[in-house]
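Structure first, then comments.
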Amino acid sequence: MENRGTIFTKYLRDPLTICRVLVLILLSSGTLLAAEETVAIDTGTTAWMLTSTALVLLMVPGLAMFYGGLVRTKNVLGTMMHSFAAMGIIGVLWVVLGYSMSFGKGVLGGWCGWNPDYFLLRGIDDVIMECGVPEYVFAMFQGKFAIITPALIAGAFAERVSFRGYCLYIVLWSILIYNPLCHWVWASDGWIFNLGADGAIDFAGGTVVHISAGVSGLVAAFYLGCRRGYPSTAMHPNNLVMTLMGAGLLWVGWFGFNAGSAVSSGLDTARALTVTQVAAAAGATAWLIIEAVHLGKATTLGLVSGILAGLVVITPAAGVVKPAGAIVLGMSASLVCYLGLFLKEKMGYDDSLDAFGIHGVAGIFGALALVFFIRESWMQEAAAGFGGSWSVAQQLLVQFQAVAATILYSVVVSGILIVVVEKTVGFRLSENAEKSGMDHTLHGEHGYGLINLN
Amino acid sequence: MQLVTAIIQPDKLDEVREELVVAGITRITTSRVTGHGQHQDQHDSERLYRGQKVMPNLLPKVRIDIACNDKFVDIAIEAILRSAKHGDGRIGDGKIFVTELKRCIRIRTDESGSQAI
Amino acid sequence: MENRGTIFTKYLRDPLTICRVLVLILLSSGTLLAAEETVAIDTGTTAWMLTSTALVLLMVPGLAMFYGGLVRTKNVLGTMMHSFAAMGIIGVLWVVLGYSMSFGKGVLGGWCGWNPDYFLLRGIDDVIMECGVPEYVFAMFQGKFAIITPALIAGAFAERVSFRGYCLYIVLWSILIYNPLCHWVWASDGWIFNLGADGAIDFAGGTVVHISAGVSGLVAAFYLGCRRGYPSTAMHPNNLVMTLMGAGLLWVGWFGFNAGSAVSSGLDTARALTVTQVAAAAGATAWLIIEAVHLGKATTLGLVSGILAGLVVITPAAGVVKPAGAIVLGMSASLVCYLGLFLKEKMGYDDSLDAFGIHGVAGIFGALALVFFIRESWMQEAAAGFGGSWSVAQQLLVQFQAVAATILYSVVVSGILIVVVEKTVGFRLSENAEKSGMDHTLHGEHGYGLINLN
Amino acid sequence: MENRGTIFTKYLRDPLTICRVLVLILLSSGTLLAAEETVAIDTGTTAWMLTSTALVLLMVPGLAMFYGGLVRTKNVLGTMMHSFAAMGIIGVLWVVLGYSMSFGKGVLGGWCGWNPDYFLLRGIDDVIMECGVPEYVFAMFQGKFAIITPALIAGAFAERVSFRGYCLYIVLWSILIYNPLCHWVWASDGWIFNLGADGAIDFAGGTVVHISAGVSGLVAAFYLGCRRGYPSTAMHPNNLVMTLMGAGLLWVGWFGFNAGSAVSSGLDTARALTVTQVAAAAGATAWLIIEAVHLGKATTLGLVSGILAGLVVITPAAGVVKPAGAIVLGMSASLVCYLGLFLKEKMGYDDSLDAFGIHGVAGIFGALALVFFIRESWMQEAAAGFGGSWSVAQQLLVQFQAVAATILYSVVVSGILIVVVEKTVGFRLSENAEKSGMDHTLHGEHGYGLINLN
Amino acid sequence: MQLVTAIIQPDKLDEVREELVVAGITRITTSRVTGHGQHQDQHDSERLYRGQKVMPNLLPKVRIDIACNDKFVDIAIEAILRSAKHGDGRIGDGKIFVTELKRCIRIRTDESGSQAI
Amino acid sequence: MQLVTAIIQPDKLDEVREELVVAGITRITTSRVTGHGQHQDQHDSERLYRGQKVMPNLLPKVRIDIACNDKFVDIAIEAILRSAKHGDGRIGDGKIFVTELKRCIRIRTDESGSQAI
């Protein structure tokens, strides 16, 4: 019994709400044999985690709208398909092996996890985690992160990749990059989870989600090259109105993303929600001001970029900073990203929708800068568990290690993957296909019938 | 009868329409088009893309078609020239084309010729 | 006291979480007299049910967007109005008599229910159900199902019906078809609820919602005839982008639809949410693959059709299957629906937006096929309550009866209703009105001012 | 201890669920010293309040879509920016001083509140309110109301104001109008909160949100004048389809707005949700019928106006009326607003998107008319606390006072603000800028690239 | 060869197209335009704005271009006149313009002249 | 001066534009139109509707207008013929129409005639 119980024992993502998993084992005879300690369901926490799962899923159409609005008309469906296809493909992949590779016990020297009981989620049909939430909910919540991350990358190589290549790429990327990273950072035996005094701080996916997606996108943008005509030809967004709508859904969904990552419905959750709201507002306001000062007029695209920058920067930090810190982080994230966009212009690579420019840059910045805004109590606890002392500088080093490892690993493996995809099924579209547009070439449809007389 | 076709900047549509009405020309047909001038791209400072000035080359324009009797042609053209300029004239301000109109018919009444304009 | 208590006693939809209703009666003198057993509110379960109610409502604009994007530009508003009008009209009708007819004690030989206390929900102002949720919430949650079901039908006769005819039709349909069916399947004394060992399995509305809507739509499509020009003239979707957005909202909302149907916030809820997510992803993936193989390119419309097929197929099954079963069901639903669309082409009827093709077909398929994937424990419990043995074949027979009854009843009554509506206020649009478009003719508006210069 | 405890003591908005706040004070030494009475977190209530917060935020993009769809194409982004900028700017402002001014102890003779601990929310990092919800959540929930209110006003002066002027205006409006009003109506020591037997009834913001926004908008519409060409020139909505989508999101979000205002997850919440749903449906149905009778055809804009009228009218009343009352209120709100629009036509002012016509009119009507539908028990309780008798007429007087005070205060201060803004940074756009459109002039973008060839 | 350009009400597009096909004219090009007639505004009763009848002045129209050989010109015009009217003709029903077409070339085959129409 | 109007398939727009620029023609006006060819419907294999091939009849096209001086007319036409074909020419590839242009005026400078083109 004890043994079987500990198989399910693991640490959840928020170190403050460590939940051990216990089991109500339903023996095959049908008799209910309670484990030594039966965990009661906490309907409130479960309710919030169910809601969070729905909210994070809402981010995927939100992202499709955000990205879809920014490309040219001829590529709008193809671009939205990148998000929607991830919903389907990664949605299946996650229950087949993603959850096991991410949250199973470390195998292959800790490179990834594995737990045969997690295959098709067979073994968790009756499991209630110690925080009172059925493990199914946790698995689904996490699955949404696995879905949105590859969809984020797609912004870096928008308007120029084949659908078949993209599908293969995200399958491989999810298996070889996302799942291992997720294991390192969030599994109780992941090496990044155990760095330093109390692990690297990555509350809701600064490294796992945003940095990994951002730098993978950057690699892809370099390898696949620019869109035809970039940057001399203007490529106007086909639907900034939809981009705004998408940004709205992303903001709302992000409450699930961050506050759900507390895997609780209490103080930690409230804190995460609060700083998420505050950082997003601060990012938006800052970008407005920067543009007003620098360009003389504030753009809507700037506003939504600021929202995103604020949301990304607070993602790793949502468990440890206070509102004042969130304002500073959100505002500086906008500034850093704004400056970063000039770098892109200088360097000439075509990170079409700024997957790296926002997610990569704000993600890296946030994962490092958060150390200056950590709640006292967290530092004290960390110190307490580490022989009495733990400094901001030490935590910065830990964060730096986590970020560097994520970048290095993503760059290398992502680079290999792109070459493999390009050499096998093909990744970059042919010149003619690109000129004709993805919607026509890849999907045989067009997005807006309304623009032509029916 | 002639057909006056003007390609103007979208932000000038209202002014051109008002000037035409003042000049006595109330019947027009407009549509959205996209234009492509030789050198204008470098000078367009209006489109901002994430804070970065980009060089657009297919720019939104508005097309105005005016069928008018011969004596109104110059009136129409002058009204457009007055109202479609940005300041003293800026690149991208547009063009006016004039073609011959052979026939004109009002669908409601079947009447044709210059009284149908 | 006892008596008054039992008036409210009824079985909720999920046999596993049977909730009896008790009452806190607030006497007119203002003194609070507790019933024998006072039920405390479970704030967690209530929170999830409130959320589910909101999520199911979200499906209605989602459906409006889904359908609205698929018709021609001249009918976009008219089509969206079908969903929005249902929000208004059925929203009122439900509190007037829908809830009473559905969840009241059986009257008229069990044809429908009735409870005078449910008229305008007068009698449930203080009622807490045994599961700890105020009955108001349950009534509102159920009301959303009553709203979306007639709106689903509208896909079958899109672009060619009068608004006045539609409004009359859904009022009659709701009263004469939805409410009785709902009573049969989900009321504790409904005959389908009591079929076999543990009732027909219809967790969240396979029969009540999808089959009834699908076959009613089919009948209407036959009776009203094709749109002018169908099938020789192409009728392109005016806004596939919006259809994608709508599909996203439907997926998110379906979590409320299915997981909310557990009327709990625990293991059953988690299971329902999980298989919903998995089946939708599997359906989407399968349709992508089918099209890629069969047509050489995957379409966005195919992807969203796959999502819907997966969601529909899992609706009746969400309480009893495991993730592996959900994958199989989701994938096969896409295949079955895909093949079904060829049938439509052969038969030549104009189920314009595939209300039958998706909801009818996947609904029927799911209600039957689920028996092969039932969780062991469910079968054991069913057997336990039925003298020790209960087989898959027996349950299949039960399911078949439920499906056949739903189809038969819907076809007959729906057929009569359509004739009645057509002969009274008129249902099918005149030829000229259809050519001009519903937006212009019926509503005096057009959907996209943006396509013309302002 | 006692003292520090009472600093946080305050009454929440719903008189029925008065929550006193207690504190878990985390001393700087890191030792946890419990206050006399430790309040446990109610995970269920917290879950619903978190969800409500997300739902109310969803209303902001919903409003952006609603308003954005109604203006002309050249102003679509500029109009949506009014909502999105409020998300950013007021989002920051609220944590800086809004929460303190609204919910702090009354200062300046009760004109507004102030509590230094609320500055940047510094003092509530560990506070659990007596209802079991972390105060952070309450602060964020309330913050969303502060965001959406100024965004509502923007409907009154759509298509003709400068962005810079708007930003300044909402900052001042929020500080000088919203925060004081919020304090008067919802703080435990607010004067309107303490009127009569049990205070003025304003469950979720009839006065604070809708009336204040509506009349401020009216003042602005008068002062700023009509749009060029109004009313002789038609100004067609650029995207009624998006307006419908926005209305859908608003309805869904309003569940958070109203049911969240119960700050509970129980019977009051359920009641608020129910009447919200019913009133919206009734409003929609009524407007459909009115137009069908009066104009011969029902419009989509009419339908969504009816939805809004129903939602607005029930906002102050959601805590005290029953479903039957909600039907009557919803339907009569549509009638009143419909008639009101003729008044506007007569008077010739240009309340472009009917910010006053819907929010002002239905808000005022609802705040007064609700007295005729108050639940018995509420009146009895009020009487009990007021020496045994309390009549509808007395409550009507109280409501009248609250409404009159709100109108008076809003009109005067709002009038001054507009003049100040116009004279400093400028409010009304120049003639040329207005002709060219806000998107081009103010933001250098256009909303729909898709309408031109890319 | 001549170019017949008709501006019609959008709700008549399907009828006009059918009438043209019946008359043997199957090749047309259509586009959305916005029109502006002198007095029509006051009479347009179709647009409702929150229950209030408004006076629109830039109204959606459809433009149909038909390149045809000379002997088909009258056939085309008559087909349009037959099908584009609301009742006996209502203000806003539209206009037909005819211009001379100098050349016509079919891209697929490079053939030109009247057999390329 | 003449006005060259080409109706082409939308997916060829970029190629045609590039070919025109190469041929020295940089000023064009484009717009979205919808086309209707006699037999093309049966052959369009691009539109898929829920996995079912449908027979569309009003197909999206792009219209390009080029005002050019007489000696550039053939250059423009040839550039289009070169670039707008799918393979060796497929049904639906489009048409080119040429009409006489009487006047041309540059709004910015008021200059007119062939130097204003």
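Order of writing sets the chain letters: A, B, C, D, E and F. Residues in each chain are counted from 1.
The definition used in the following text is that a residue touches a chain if its C-beta (ideal position, glycine included) is under 8 Å from a C-beta of that chain, and two chains touch if they have at least 3 such contacts.
Computed from a prediction, not measured in an experiment: that's the story for all the values here.
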Result of counting contacting C-beta pairs for A-B and D-F, higher pair: A-B
Distance between chain centroids, defined by C-alpha means - subunit A, subunit E (Å): 53
Distance from the mean Cα position of subunit F to that of subunit E, given in whole angstrom: 20
Interchain centroid distance [CA atoms averaged], subunit B/subunit D, Å: 45
Two or more partner chains touched - positions in subunit A: 42-45, 47-48, 51, 74, 76, 235-237, 239, 265, 295, 297, 299, 301, 443-448, 451, 453-454
Interface hub residues of subunit E, defined as touching at least two other chains: 30-34, 47-48, 58, 99-100
Category of the chain touch graph - line, ring, star, complete, other: complete
Interfacial residue positions of subunit F with respect to subunit D in the complex: 13, 30-32, 62
Touching residues (chain side subunit A, partner subunit C) in the complex: 26, 28, 30, 41-48, 50-51, 53-54, 57-58, 60-62, 64-65, 68, 76-77, 80-81, 84-85, 87-92, 95, 120-122, 125-126, 128, 133-137, 139-140, 143, 163-164, 167, 239, 242, 265, 442-451, 453-454
List of subunit A residues in touch with subunit E within their complex: 453
Residue ranges of subunit C in contact with subunit A within the complex: 42-45, 47-48, 51, 55, 72-74, 76, 235-241, 244-245, 247-249, 251-252, 255-256, 259, 264-267, 269-271, 273-274, 277-278, 280-285, 288, 292, 295, 297-301, 303-304, 306-307, 322-324, 327, 375-377, 380, 447-448, 451
Residues on subunit D engaged by subunit B in the complex (per definition of touch): 74, 228, 432, 435-437, 440-441, 443-446, 451-454
